[in-house]
Amino acid sequence: MELFGLSLAFYLLGALASLAFAGRETANHLGPAGAVAGSLVGLAGLALTPASAVAQASLPWGLPLGSLALGLDPASRLFLLPVYAVGAAAAVAGSLALAGSEAAQAGPDRRGTHWFFFNILLAGLALVMAARDGVVFLIAWEVMSLAPFFLGSLHDDEAEVREAAWTYLVCAHLGAALVIAFFALAMGQAGATGFAALAEAARAGRLTMPSLLFFLAFFGFAAKIGLVPFHVWLPAIYPAAPGHVAALMSGGMINVGLYGLWRALEILPPPAAWQGWTIAGLGVASALLGILAALGQGNLKRLLAYSSVENMGLICLGLGLGLVGLACGNPAMAALGLGGALFHMLCHAGFKSLLFLCAAEVLTAVGSARIAHLGGLAKRMPAVGTLFLLAGAGIAGLPPLPGFIGELTMALAMLAGLDLPGLLPRTASAASLAALAAVGGFALAAFAKAGGLAFLGAPRTPAAAKAEAPSHAALLAPLFLAAGLVTAAALAPALLRFVGQAVLAFPGMDPAPARAALEQAAMAARTVGFFGAGIILLAGGLLWLRARAGAAHGRRREPTWGCGYTAPTARMQYGAASFVEPAAKLLAGPMGLTRRLDMDPGLFPKRATLFVVSRDAARDRLFTPLFEAVARLCDAAKVVQHGKVHLYILYVLATVVLLLAWKLS
Amino acid sequence: MAAIQSLLVALVVVNLAYLAVTRLKTLTRITALQGVLLAATPLAIAGPHGHGLILSLAVLAIKGIGFPWLVARTLSRLEVNPVVEPYFGFNMSLLAGVGGLLFSLWLESRLPFPPGLFPPLLFPAALTSIFSGLTLVVARRKALTQVIGYLAAENGIFLLGVPLAAQGSVWLELSVLLDVFVAVFVMGIALHHINKTFESIDVGRFCSLRD
Amino acid sequence: MLAALPLVPLLAGLIALAMPADGPRRWLLVVVGCLHLTLVGTTWVHPPAPAYGGLLELDPLGQLFLTLASLLFTAAAFYAVGYLRHEGAVHEKRDFQDGATFVNAPERVFSLCLCLFLSAMTVVCSTRNLSVLWVGIEATTLSSAPLIYFHRHRRSLEATWKYLVICSVGIALALLGNILVSVAFYDPVAPAASMDLADLLPLAPGAAKPWLRAAFIFLLVGYGSKMGLAPMHNWLPDAHSQSPSLVSALLSGALLNCAFLGILRAVQILSPAGLGPFCGELLVLFGLISMVTAAVFIVGLGDYKRMLAYSSVEHMGILALGVGIGGGAAFGAMLHAVNHSLTKGALFLISGNILAVYHTRSCHDARGVSRALPVTAALWTAGFLAICGSPPFGLFVSELAILRAMFASGHGLAATVYVVALAVIFVGMATSVCRMVQGPLPPAVRHPGPERVLSVASPLALLAAALTLGLYVPQGLTDVLARAAAAVSLGG
Amino acid sequence: MNAWLHILAALVLAPLIPGIINRVKARMSGRVGKPLLQTYFDLAKLTRKGLVESHTASFMLGVGPAVSLAAVCGALCLLPSPASPAPASFGGDFMLAAYCLGLSRLALILAALDTGSSFEGMGASREAAFSALAEPVLFLALLALAVDAPSLSLSGMLGQGLSGALAPERLFVPLLLFILLLTENCRIPVDDPNTHLELTMIHEVMVLDHSGPDMAMISYGAALKLWFFAAAVTLSLLPVQAMPPLAAWAAFLAGVALVAVAVGLIESSMARLRLLRVPRLLGSAGALAALSLVLTVWR
């Protein structure tokens, strides 16, 4: 707890220092320094505390509402881990990326405010996870939600960035409105603000509308998590934000939605099975639609954004199944579902932020993140390429990378779900396993596309051909994250037990069978670890043999075989749209792809252009029409303010008459 | 008692007359008439002595002579079109006036009157006055008619305050104060500016500020 | 000391009228503001005795609103020094909207009216007598009308006229309402003429209830039209958008509160008569109508000063709603009044800075503020977040308190409308504010150079106060707020 | 020891399967055909060759085949031997096997994309799409087995055969696994390994630019994968767990050979599906898998 406070203090110091030195290069050192120091202190705090410890603190509070109750329990620590780890990495990467770059630009130097909000975001995240009082939680939540708006609009001279920042702000606030409504309703009914008191009220049956509360919390937090259809801000803000910000948001921030949901579920009365199925159902929808949309993207960062939607969907699937298990008295399913979800959350945080940092390096080197402008980068920047390909395989859940363990644990929950009473729940469990498989298959395709087309093959533009490898310093942050992930893979059983502490602390969890189920998963993870080591050794051995064969029998470089065509160009390679064409023939709708072929008429057209655009269906079909309808309605209603004063008097008169007629009759 | 009843009936008729006339000059005269009638009410209720007499004289001076004279002077100075220029037709306005009267009568039936405070018909007459005055504000185009309508509404409030004045309440004085300051002082100045700036007192042109 | 409070600005106004030199007169406003604020500050330490035979008497409710008025005036006075330096010159100006030429009102008249305005508001806040209250509110209308007509062009004249007509009708209805209160308290045996709350409250349980109902309706609509409750709010966007920004700040931050005080006094009378629920119902109704109206108008609005005006309509709605719900919401409403005044005052002052550089009130044309005026843009953004109820600003706390009390008292439907309206307003304002703050500078706008301290100091101070209240509400203030809320509780 | 015997058998005997298939196809069309051991000869020849790499390629071209082969070997380690459980076995290990095959596929796709050739890109894109569609079918089929067994590990669910109550839906699973064998190994009717039109190929077009040891690893990996599925089909049909070891082995090997013959027969009697029809085939298989699973759960 003390170290937590110290880390918070570092964040705030960093924020203030960067604001104080705004406009100078110093801000670009002090701000990140605060973030790194805070994160490392925080990490130290996590490392030095036993995983199951519960700390509480109550501090003086100046508001007439709520109280400054803070605390750290296993769930808090678990969610703090990616915040600290990604926070430190993103700060280092950002500091290097922004060094000197802004000075060359016209206009004011905004790095001071940028680092201010960066630190505020970290502090807000940390505070959200330590808050044990509704009011404190909401304040931290909103502050944390607002900061990315400023972080994301660093380059607001581009119209797209402004649009994205606006989208983010609106989504974040609408979600927050639901969260506020949730807490206000709960606090109003309970007559208290502390989490413990709220949970007490729920147990005593004083929260009279548990279903409404559940939906408020779920939809409110789903907006932050990025579940379909509330995901529209993700594909907007991630491409627009600087790479390190996108990394922090995807690795540290969206998890906070899960954390909020977790806390809300802890507060609310024990979940009913339908609540679990609701979460799981929306999770499956998000996972499938997210990965299909990711497959359809032509922009590396947008692809990664949709992949976040997918992974958040998977996590919610696990969470939902866990709740079902809890509701149906199946502790193994409960523990495995929740545990798998949390484990996957950790892995996703690491892999996704690593991917974003790599994408940021690509953007710096080439000047574009569109796959049509990339290609062949693995030769120019081998370290970044390797990291990206590995992280891509990891986020697709492939063994021996740790992403597999999370998916495996969730799959075990689904298998445990086959013991549920009733045909429908069993079928649903089986269907979720099939969905998991389909998502895994498409994730593989999506990351084969992202990694393969961006980093392999021939460069598609001169800029890509001349891309320069990042400096060694710039690799520090990605390598830090990669090291963390390797550790996670090596120590997966231990990590699973760490996650298990949070799961076991979930109210209503039967500890003995839950612990047994988690232990079983940990043993499986151990086997997977040995297995993975075997595969790596075997592959290494094969490569060594291959190298020997090459040395013994010669090694030549030749042009790629062109099927008889003698002048192949890089533009003839498979591109982003063509790669997904087989899938798009079947699934263009959910992938959001629309295509237009402009071709000269005649049998031998001289010119043909194919446009493949991938747009967000939820945005185009749901939110844009909704917002436009509201705007039209409001415009239509504006006629009452017509400027004619005598009619205004009529309003006053009519009001008086109507009120008298109503109230005196 | 008969005197006050006649006065009140006359006031109601005058209120409706506000809505029926077409020429500004006639409107001014009706204002003067209403002022004179109002000046008579304190006398009719409380008798011709002391406080009531002074008040009566003051009202006669202000409402019966002062305002009509000011309005007439403004009218002649501004050289405006002598027709009142309605938004809504006269029939509609009259209908609204009668509606106001009916509403006032209904309202009277809903309220328990303390014994001896209000003479019969005073409350509906006062409310009708307010409603027809405001109807004038709503239904007429010129700034000047709006001022006159406002004065008429004020007269209704004054009428309602008369019985209370006997109890020593200050509301009557305050309502006169309202007349003096708002209707004459500020609106007069604003009217002057409006005429200067727009070369017209047609507030129908006032619609550049809207959404 | 209470006797001196309204006199200080009155005298200062007369001195200002007589002063020939522009420079000292501008600083005179600052001196008046500071002096007044100091005097008001001492009332927090030593509760003042009634003055003028009990006509003026300060209770927690009045003290709260008086402090706000004084604070806003002082902030506006500091701002006025820079503003008048820039705008005060008598020469003809060209209107940026229709191209016509206009002059500003004489500066001494402006100063006089400002001081009179403060004096009138002081009277309104520091009385518990319904008659004096009514006179005071009337005086605020009269003294503020010339302020709105400072820029003597057609649109401001139109706005002034609308302000006058609507508020005068409102004040007339309020007068009628007051008369009906007298009727309700009429006792043929022992006629008492006093309209002082101290005399009325003990008699309230025996007052005639139908008359009180009718009286409250007239008072609510009458003062409500001054306060800006929909659908009587129509003067508000016009007057706020056309008046000088510092006047808008005073109108929104101080005047609307004063009108609200009129309604609150009525509530104070009706509650002991057992009509608290009746008042609550009407207040909640008008609060919700105001919020929805504001939401409807803020979406897609192209004029940022009108946007702020509609936001005032919204917040007045919240105040009415809070008092109408009662209990914790009344406390929230009192806190909200404080927060809203501070924030809205700051926002209007900032809008003046933007207007001075861009010469347009259109959100579409005033772009790239963060590049032209970095400090102003930061304050504008912060103010926007604050006014929309985002933490860590104070409005969040008060809005949350009201929402929570709504749920606690079972006003689920009203709470839904409240949350939806707030969300829509956020989206509407965010669209305009993002458009203004971000992006490159329009080519037609020249870079204005560094910002003047006087133009940002006041809004900065006000926003800092709003920020502080979002994190820490001093115990003394909490006590006064609680006592003020208790005074307007609906339970009687 | 017994557990590893199956791995050994697979490693040694796997190249025989393409031989059997080719021999059956040749016989059916009235030719003599290649020797049964042709794949061994090919592998031996390829390993003695030097490396020819594309100018465009990076490290991935070489890493791909090695990882792919290693991953397939990994998947094989999870299959039970006819007479004993697999060397590594835990609840849910079928998922590891499926994901190992996925890793192997990803490695090959990336290696294909590394050449920058449009042909290889084409093959990679088809492979990625079709296998993504095949994945849920595989899971559902194995799930039906798992519920039926009831056991969550491959070692528990395979080798039970059709013993016990015979229900029609239990025949679906071997059938589904067989369809998946055809899909995953790019056999007719999904893909034609012998075609010479690059435009119509899936797997073969992905490896156009691989040579020497790389090609050897790919061919060997393909043979192992074929063995994996053939073994799975056999084990899902035959109750080897209940047999004495020797009989089990004999039945198993015969079964694998028979599966190979069946593939050969199908390849000689059917034409390749149009690419557009492949998802339809997989969709039908998916529906069948879902049906069998629901029926199994219901029972």
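Each chain carries a letter (A, B, C and D) given by its place in the written order, and its residues are counted from 1.
Keep in mind that, in the parts below, a residue touches a chain if its C-beta (ideal position, glycine included) is under 8 Å from a C-beta of that chain, and two chains touch if they have at least 3 such contacts.
Listed by chain with UniProt protein names: B = Hydrogenase 4 membrane component (E); D = Formate hydrogenlyase subunit 4.
Here the structure is a predicted model, which means the values were calculated and not measured.
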Any chain that touches chain C and chain A: B
Chains linked by the largest number of contacting C-beta pairs: A-D
Chain separated most widely from chain C, comparing mean CA positions: D
Closest chain to global C-alpha mean, per-chain Cα centroids: A
Chain A and chain B, separation of their C-alpha mean positions in angstrom: 69
Distance between chain centroids, defined by C-alpha means - chain C, chain D (Å): 77
Centre-to-centre distance between chain D and chain A (centres being mean Cα positions), rounded to whole Å: 35
Chain centre separation in whole Å, for chain C relative to chain B (CA means): 31
Chain D: positions in contact with at least two other chains: none
Residues of chain C whose C-beta touches two or more other chains: 161-162, 165, 169, 210, 214, 237-238, 297
Of all residues in chain A, the ones touching two or more other chains: 638, 641, 643, 645, 649, 660, 664
Residue ranges of chain B touching chain C (in the complex, touch as defined): 107, 110-112, 114-117, 130, 134, 137, 143, 146, 150, 153-154, 157, 160-161, 164, 167-171, 174-175, 177-178, 181-183, 185-187, 190, 193-194, 197-198, 203, 206, 208-209, 211
Touching residues (chain side chain A, partner chain D) in the complex: 375-376, 378-379, 382, 385-386, 389, 393, 396-399, 404, 407-408, 411-412, 415, 418, 423, 426-427, 430-431, 433-438, 440-442, 444-445, 447-449, 451-453, 455-458, 520, 523-524, 527-528, 530-531, 534-536, 538-539, 542-543, 545-546, 549-550, 553-563, 568, 570, 572-574, 578-583, 585-586
Touching residues (chain side chain B, partner chain A) in the complex: 87, 103, 107, 110-111, 131, 134-135, 137-141, 146, 203-204, 206-211
Residue ranges of chain D touching chain A (in the complex, touch as defined): 47-60, 62-63, 65-67, 69-71, 73-74, 77, 88, 90-93, 95-96, 98-100, 102-103, 105-106, 109-110, 113-119, 121-122, 124-126, 128-136, 138-140, 143, 146-147, 152, 198, 208-209, 212-214, 217, 275-276, 279, 286, 290, 293-294, 297-298
Contact footprint of chain C on chain A as seen in their complex: 62-65, 107-108, 113, 135, 138-139, 142-143, 146, 153, 156-157, 159, 162, 165-166, 169-170, 173-174, 177, 180-181, 184-185, 187-189, 191, 627, 630-631, 633-635, 637-638, 640-641, 643, 645, 648-649, 651-652, 655-656, 659-660, 663-664
